[in-house]
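After this come two complexes, each holding chain A, first together with chain B and then together with chain C.
Showing the complex of A and B:
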C-alpha cells in the first residue's frame, strides 16, 4: 500500500483555501497593529436604535477584514473535520484518518456545547463561560482531551493499535506508513512508529488517559492540603501563621527537581519515606471532610454522628486501601487486613502523586491564607462569631465558599502546571514506568533520536501543549467572566 | 495648554441627556431626558438615592462612561462646545484642567506610591507646561488655601501619612490646581466623620466663592445640599423630577417624590411625636423594570390610575418664571400644605428594670513595638476608658461618636469577642466582662446580639437567606427538628416584613434595605433581649432608612428589647432614642436623656457635633462651629481632657486644668452627666445650637 499523505485528496481543495485564509489573517493582524500606531482611537458612536455604529476609517476596515479572515480559517478547519469524518483515511490522508478516529470525541463535544449553549443562562458561572470566546476555546481544548481520555481509556474506541506492541518493520517510520503486521488491523501507523516500533498515535491517545487520571486528582489533593492549612493560618494568624508560612516557604525554596530525584532514589524508597509522606498527605482530605461535617451539624448530634460515621467509614476505607500495601517491604504497611485493602497504587504512581501534592500545596496554602485574611474582616464573619460559631465552621462554611472564585481559576491553572510537572518527571525518567505511554515519558523516549526522527516526540509534545494552553485559556475565561456583571 | 477663551454663557448645559449601559442581556437606560444648566460661579446640587443615575451624569460630563456605556441622546455642552463631538485629545485637555472631579473615597483618588507634592505639581506641569519651580509654588499656595497645617511638610508626605479629612482636602487642592471652570463633587464627604465633613463643606463653599468655580454637587444628603448649593435638581430613577432654587424646592416642593424624601428624613429640630418619619412604600424600580408613565407612580400617594401610568411625562414649569420645574402631572391639584395623616399612637413603652450594667469598663490593647520578637516598649491603646452606664428593658440607648471613639470596641467587649481589661459588665446579675464568647452559655449568647452596619457585608453571599437564619436558630438550640426551625424562620421573615419567598433567595438578589432586615431577623432569632445595632441604617438610602428604623422600633416595642444604637447621625438618634451617650476618644463625655443632651448645657464636643450635622430644613438656623484639626490618635492621646486639643471653650477654664487633669464626670440636674471642667456658670450660659424659626 501507498503511504498516506497528510491531507489526501480532500487537501487538494482545502489546503489552498486554508493557506489563503491563514495568510489573510496574518497580514491583516500585522497591518492592524501597524495602523494603530498612526491613527487615533475613534470614539464609539451609538445609533438611535441602541446599536453601535461601525468604526469608520482604515482602522475599522482592517478590524472587519481581520474578523472575516479569522472566520474563514475557522470554517476551513471545520471543513477538514467534517470531511475527515466522512471520508476517513481513504480520502483524507493522515488528518482524515485521525479526525475519523476521534469521531466519538467530536460527537461528545458537539453535544456538550449545544446543551451548554441552550441552557447557559441557568448554569451560573459555567454558563457564563459560553459568553467568552477565549473561555470557550479553552474549554473546548480541555474537553477534547477529557473526552479522548474517557473514550480511549474506558471504552478503547480511539486508539488504532496496541500502545505497547512492537511490530517489525515499523521502527522509526514516518507518519502515514502502511502497517506491516497482521491483516485486519488498522492499515496505517497514522503518526508513524517510535524507536521501539510502537504506534505514536495510539500512545499519544492513551497517554491522555494517564495524564487525566493523575493531574486533576493530584491537584485536588494539593488543594485539600493547602486549604486545610491555609484557612487556620489566615484566620488565627499569629504564631501558627508564622510557622506554617515558614514551612511553606521552605518547601517552595527547595529545588523541585532535586526533591523529585531524592524521592525516587531506591535507597530512600526502601526506607518507606514516600509511603510515610502519603500517610500524612492523604490524611488531609479525611480531616477536611470530618471537620466540614462536624462543624456544620455540631448542634444536632444524631445527624452529625450519622453523616460523620458514613464519611469516615468510606473515607477511612479508601485511605487505608490507598496507603496500605500487602506486598510492602515495611511491616507497618502490611498491618491492614488484605480483604479490606481494596486496591493498591503502583509504587511509582504513588511517588509521583506524593511529590506533585507536596510541591503544589504550599502555593495553594499561600493563596488560601491571603483570601482568608481578606474575608475574615467581613461582617458576616463577625456575625458568625457573635452567635458563637466554632472557628472551623466560620472557616469552612463562611469563608471558604466566598473564596471559591480565585480558587477555581487557580485550580484550572494548577492542573496545567501539574500536567507539565508530570511531563517533566517523565522526561527525567522519574516516576512512571518506562514503557508508560504518558506524554512526558514519550517525549523523553523520542528525544534521543530527535534530530533524525522528530515525530515520536512532537506528537505528545503538541498534545501536552494544547491541553495546557486549553487550561490556561479556560482559567482566563473563568476569571474574566467571574469579574463581569 | 490654553483654556477655552472666555465664554459668558452657562458653563455647563445638559440638554435632554440620555445615557445607557449595554450588558449582554439588554440595554439598561441609566439616565433619561435629563437637563440641567450650571451658570458661572453657581453651585448646583444633584440629589437622589443610590441608583438614580446621579453619578452617571457626572461620568457623562467627563465623557468617561467606560466600554459599555454610551450617550444615546441629547447633548452635553461645556462652555458652549458639545463634548461628544470632541476628540480624545481635546477631552484630555479639558479633563482635570477645566473640569475637575472629586470622588467619594479620597484614598482611592491619590496615588499611594507618590508624594503629595509630586501629585499636585503634575497638574500644572501637564496642562500648562509650568516649570517645576512654578508648579511647586502653586502647590504650596493651594495647600495653604485648603487650610492644611504646615503645607511644606504635607507636600513632602505620602497619602497614607495623612488622615481621611486631610486626604480629601488634598484631593480638593488637586482639583483646584488648574483653576477649573467646573468642579464636580461626587459625594465628597460620605466617607468622612461629621465634624470633618463640616470642615470640608465650609472649605468647599469658601473656595467656590474665592475662585468663582461652578460646582455640580452630587449627594444623597439633602442637608449638605442646602448648605452648599444655590440650586437643586432632584433625581429619581434616571430622571430629574424637580428642579429649582433651594428655597423653592425645600419650602414649596411640587413633586411627590421630593415631598416623600423630606418626610422620610429625621430632622434634629423635631422629635418623633411632632414629626414622625414616613417611609416611602415599595422599592426603587430596577432600571429595566421601570413602570410605564411616571417612574414614581407605584410608590406615590397621589397616584391616579389611567393618568399617571400613561406615556412619557415631561418637565413642566411650576411658577411661570421658568426657574422651578416639576415632572408631575398633578402638581396643581395636590394640596401641598396638607398636614400628615394622623399618626396612630403606638402606645408608649414602659421602660423596665436595668438589664445591662457597665461599670468602670476599661479596654486596653497592647501593641507590641516589634511584632516578631515582642521586645522593646509596648504601647497601650486605651480604646475604652472608665465607661459606666446602664441600659434598661425596652429602652433605646444611643451611643454617639465619630470613628475611633471606641464605640466598636465597646460593642466587641459586650458581645464577648474581646474581654475587658478592667471594670464590670453585669447582665442579669451575672458578670460577663471576662467571659469570652466560647465561655458563654447559649442563653447568654442568644440574649445579646448585634445588627451590623454594612448591608452588603452582613450576609454570607453564598448561602440562602433562609439557611442563614436557620443556622442561627440551630446555634441557639431552637426547636427539635429542621421543620420547627424552618417554620420559626418564616415567622422571623414575617416579623421583619419580608415575603416568605425570600427564604430561598441568595443575598445578591436582595436590595440593601432587605438585607438589613434579614440581618435584623437573624439577630432576633434567639429572642435577643439586648441588641447592639452598629450604625444599622447609615449605609442605606434615606427612604429605606426610615422604614428600617421604624421596623427596629416596632420590634423593640413588641419584644421589650434593649437597643444599644450606635450612630454618628444625631438626627436619627434624636428621633428614636430615649437616652444618649456621647463618646470621644474612649471616654463618655456626656450621658443623659435625649432632651438633656440635645439642649444646653452641652459638653463642648456635643455642641460641635450638633452644629456639624447638616439639616435639610430652611427654617432651622444653627451656629457654625468647625472643629480644628483631627481626632488625636488613641495610641497617643493628649494629656488631661481628651477633647482639649480641639475645644473652643478651653480658655474659659482657669489655669491649665484642661491639659493636666481628666475632668470628673459631673452630675447636673436630672441625672444628666457631663465630663467637663467648665464652671456651672459657663455651662448654663451656653446657647442652643439649633434653633427653629417660628413657622411662617
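Showing the complex of A and C:
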C-alpha cells in the first residue's frame, strides 16, 4: 500500500485555501499592529448636516480585514474536519485519518458548545466564558483533550492500535506508513512508529487519559490542603501563621526537580514514605468536608449528624482504600480489612500523585492566606462575628465563597502547571513505568533520536503544549469575565 | 533596615539547615544506603555483608549524629582496631589517615567525595557551576530585556491590538515548558528531517567553546519559558502606572506619548518586575536541569541528574546546598532591592 500524504486528495483544494487565508491573517495582523502606532483609533467626523459619524480610518479597515481573514482560517479548518470525517484516510491522508478517528470528540464538542451557547445567560460565570473569544478557544482546547481522554480511556474508541504492541517493520517509520502487521487492523500508523515500533498516534491519544486522571485530581487535593491550612493562617494570624508560612516557604525554596529526584525513586517507595505522606495529605479533604458540614449545620444536630455521618462514611472508605495497600511491605498499611479496600494504587503512581500535591499546596496556601487577610476586614465578616458565628463558619461560608474568583482562575492555571510537572517527571523517567504512554515519558523516549526521527517526540510535545495553552487561555478568559462584574 | 536584614539572614540560615537536613534524611534512608553499599563494594553482597560494610563506615549511626558530622559540628567517624585508627571518613582517597583531621564537614570546607566522578565535590561543583553560570548569563541577557520590552509595549496602551497580540504571545510562552520548546527547536532547527540545520542539537562542545551555533537553542529554550511570565508581570505593572494621576497630568500638559512612557512611566513600572526577575531564579534552576539534560551540556543541572540518578550522597548534598543558597539569597536580594527601589516602603 502507498504511504499516506499529510492531506491526501482533500488537500488539493483545501491546502491552497488555507495557505491564502493564513497568509492574509498574518499580513493583516502585522499591518494592524504597525498602523496602530501611527493612526489614532477612531475619529469622530462632523458632517455638513450637523450629524456626527465615527470614522474607523485605516486602522478600522485593517481590523475588519483581520476579522475576515480569521473567519476564513477558521472556516477552512472546519472544512478540513468535516471533509476528514466524511472521507477518512482514503481521501484525506493523515489529517483525514486523524480527524475521522477523533469523530466522537468532535460530536461531543459540538453538542457541548451548542448547549452552552443556547443557555449561556443562565449559566453564571461558565456562561460568561462564551462571551470571550480567547476563553472559548481555551475552553475548546481543554475540552478536546478531556473528551479524548474519556472516549479513548473509557470506551476505547479513538486509538487505532494498541499503545504497547510492537510490530516488526514499523520501527521509526515516518507518519503515514502502511501497517505491516495483521490484516484487519487499522491499515496505517498515522503519526508513524517510535523506536520500539509502537504507534505514536495511539500513544499520544492514550497519554491524555493518564494526564487527565492525575492532573485535575492532584490539583483538587492541593487546593484542599492549601485552603484548609490557608484559611486559619490568614484568619487567626499570630503564631499559627508564622509556623505555617515558614513551612510553606521551606517547601517553596526547594528546587522542584531535586525534590522529585529525592522522592520519586524506587528506594523511597520501598520505605513506605509515599504512603505516610498520602496518609497525611489525603486527610485534608476529609477534614475539610467534615468542618464544612459541621460549621453549616452546627445548630441543627440531627441534620448535622446525618450529613456528617454520610460524608465521613463515604470519605473514610475512600480514604482508607486510597492509603491502605494489601500488598504493602509495612504491616501498618495492611491493617484495613481486604474486602473494604476498594482499590489499590500502585506505589509509583501514588508517589507521583503525592509529590505533585506536595509541591503545589504551598502556593495555594499562600494565595488563600493572602485572600483571607484581605477579605477578613470586610463588613460582612464583622457582621458574622457579631452574630456569634463560629470562626470556621466565617472562614468556610463567608470568606471562601467570596475568594472564589481568583481561586477558580488559579485552579485552571494550576492544572496546566501540574500537567507540566507530570511531563517533567516523565521527561526524567521518574515515577510512571517507562512503557507508559503518558506524554512526558514519550517525549523522554523520543528525545534520544530527536535529530534523526523527530516525530515520536513532537506529537506528545504538541499535545501537551495545546492542553496547557488551552488551560492558560481559559484562565485568562475567566479572569477577564470575572473582573467585568 | 539592618535589623530587617539580620532577621532575614537568621530565617535564611534556619531554612537552609532544615532543607539540607531533609535532603540528608532522604538520601540516608536505609534502601539508599544499601544501594550505595552494593554500588561501592560488590553488587552481590549478602544482607549481613551490607550491614557490616555500613557499620564499618559509620553509616549506621543515628541520622542526627551523621548530619552533625556532615555539617562539621561533630567529629567524624573513625574506626579503631587495637588502638590504631584504621578508617577515617575524613580521609579521601589519596590522603593518608594521619593527615585527615577529626572534623571534616561543610563548615570546614570539606564537602565530601563524589562516588560517581571520583573527585572532590567542591571542585566538581566549581567547574560545573562555572559552566552553568555562563548559560545563566546568556539566558538573562536574552530574557530580561526581551521580557521587559514585551511587557512595556503591551502595557503602554491597554487593550490595543499590540497589547492583545503580545499578551497572547506571552501566554503561549508560559504554556510551553522547556522540554516541549526544546524538542520543537531541535526538530525544526537542528534535525535532518526538516533540513534547516541552522544550529546544533547538542551543546556538549559549548563547555570549551561557546559559539552561536551550539549555544543559541539552549539559551532560547530557557529564556522563552521565563520570558512570558516576566512580560505579563511587567504589563500588569505598566498598565497600573499608565492609569496613575501623574501620567494624566503629563498628558494634559502636552508631553509627547513616547516621552511619557520613557521618562515618567518606565521607572515606576520597572519596580515590580525587578522582584519577579529575582524570584525567577528557582524556576531557572528547574529549566537549567531540563535543558542541560536535553542538550547534554555538562553543567550544574546535569551534575544534579547524575548525582541523584546514582545516589551519590555527598555530591547531591553539595548540589542542594548550592541551589538552596541561590534561591534564598535571591529572595533576600529581591526584598532588599524592592525597599531600595520603592521609596514608599521603609522598613525600620
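Heads up, the rule we're going with is that the second predicted complex is superposed on the first by the 469 of 485 C-alpha atoms of A that agree within 3 Å, B and C clash if a C-alpha of one lies under 4 Å from a C-alpha of the other, contacts with A are read in each partner's own complex, and residues count from 1 in each chain.
What we mean here is this: a residue touches a chain if its C-beta (ideal position, glycine included) is under 8 Å from a C-beta of that chain, and two chains touch if they have at least 3 such contacts.
Bear in mind that the values here come from a model prediction, so they are computed numbers and not experimental data.
**Student:** Between chain B (first) and chain C (second), which does A:33 come into contact with in this model arrangement: first, second, both, or neither?
**Tutor:** In the superposition, A:33 contacts chain C only.
**Student:** Between chain B (first) and chain C (second), which, if any, makes contact with A:398: first, second, both or neither?
**Tutor:** It touches chain B, and chain C stays clear.
**Student:** Touching A:154, do we find chain B (first), chain C (second), both, or neither?
**Tutor:** A:154 sits against neither chain B nor chain C.
**Student:** Taking the superposition on A as described, I'd like to know which of chain B and chain C A:452 touches: first, second, both or neither.
**Tutor:** The answer is second: A:452 touches chain C but not chain B.
**Student:** Would you mind checking which one, chain B or chain C, touches more residues on chain A?
**Tutor:** More residues of chain A are touched by C.
**Student:** For A:1, using the defined touch cut-off, is the partner it touches chain B, chain C, both, or neither? Pick first, second, both or neither.
**Tutor:** Neither: A:1 stays clear of chain B and chain C.
**Student:** Which chain A residues lie in the overlap of the chain B contact set and the chain C contact set?
**Tutor:** 41
**Student:** Write out the stretch or stretches of chain C touching chain A in their complex.
**Tutor:** The touching residues are 11, 15, 18-19, 22-23, 26-27, 29-32, 35, 157, 160-162, 165, 167-168, 171-172, 174-177, 179-180, 183-184, 186-187, 190-194, 201, 282, 285-286, 289-290, 293-294, 301, 304-305, 308-309, 311, 316, 319-320, 323-324, 327-328, 331.
**Student:** Flag every residue of chain A that touches chain B in the complex, lowest number first.
**Tutor:** Interface residues on chain A, with respect to chain B: 40-41, 43-44, 46, 48, 50, 52, 131, 299-300, 378-380, 382-383, 385-389, 397-398, 401-402, 404, 485.
**Student:** Which residues of chain A touch chain C in the complex?
**Tutor:** Residues 29, 32-33, 36-37, 41, 63, 134, 246, 249-250, 252-258, 261-263, 267-268, 270-271, 273, 416, 420, 423-424, 427-428, 440, 443, 446-447, 450-455, 457-458, 461-462, 464-465, 468-469, 471-473, 476.
**Student:** Write out the stretch or stretches of chain B touching chain A in their complex.
**Tutor:** So the residues of chain B touching chain A come out as 20, 22-24, 27, 70-73, 84, 87-89, 415-417, 437-438, 440, 442, 445-446, 449-450, 452-454, 457-463, 472, 474-477, 519, 522, 526.
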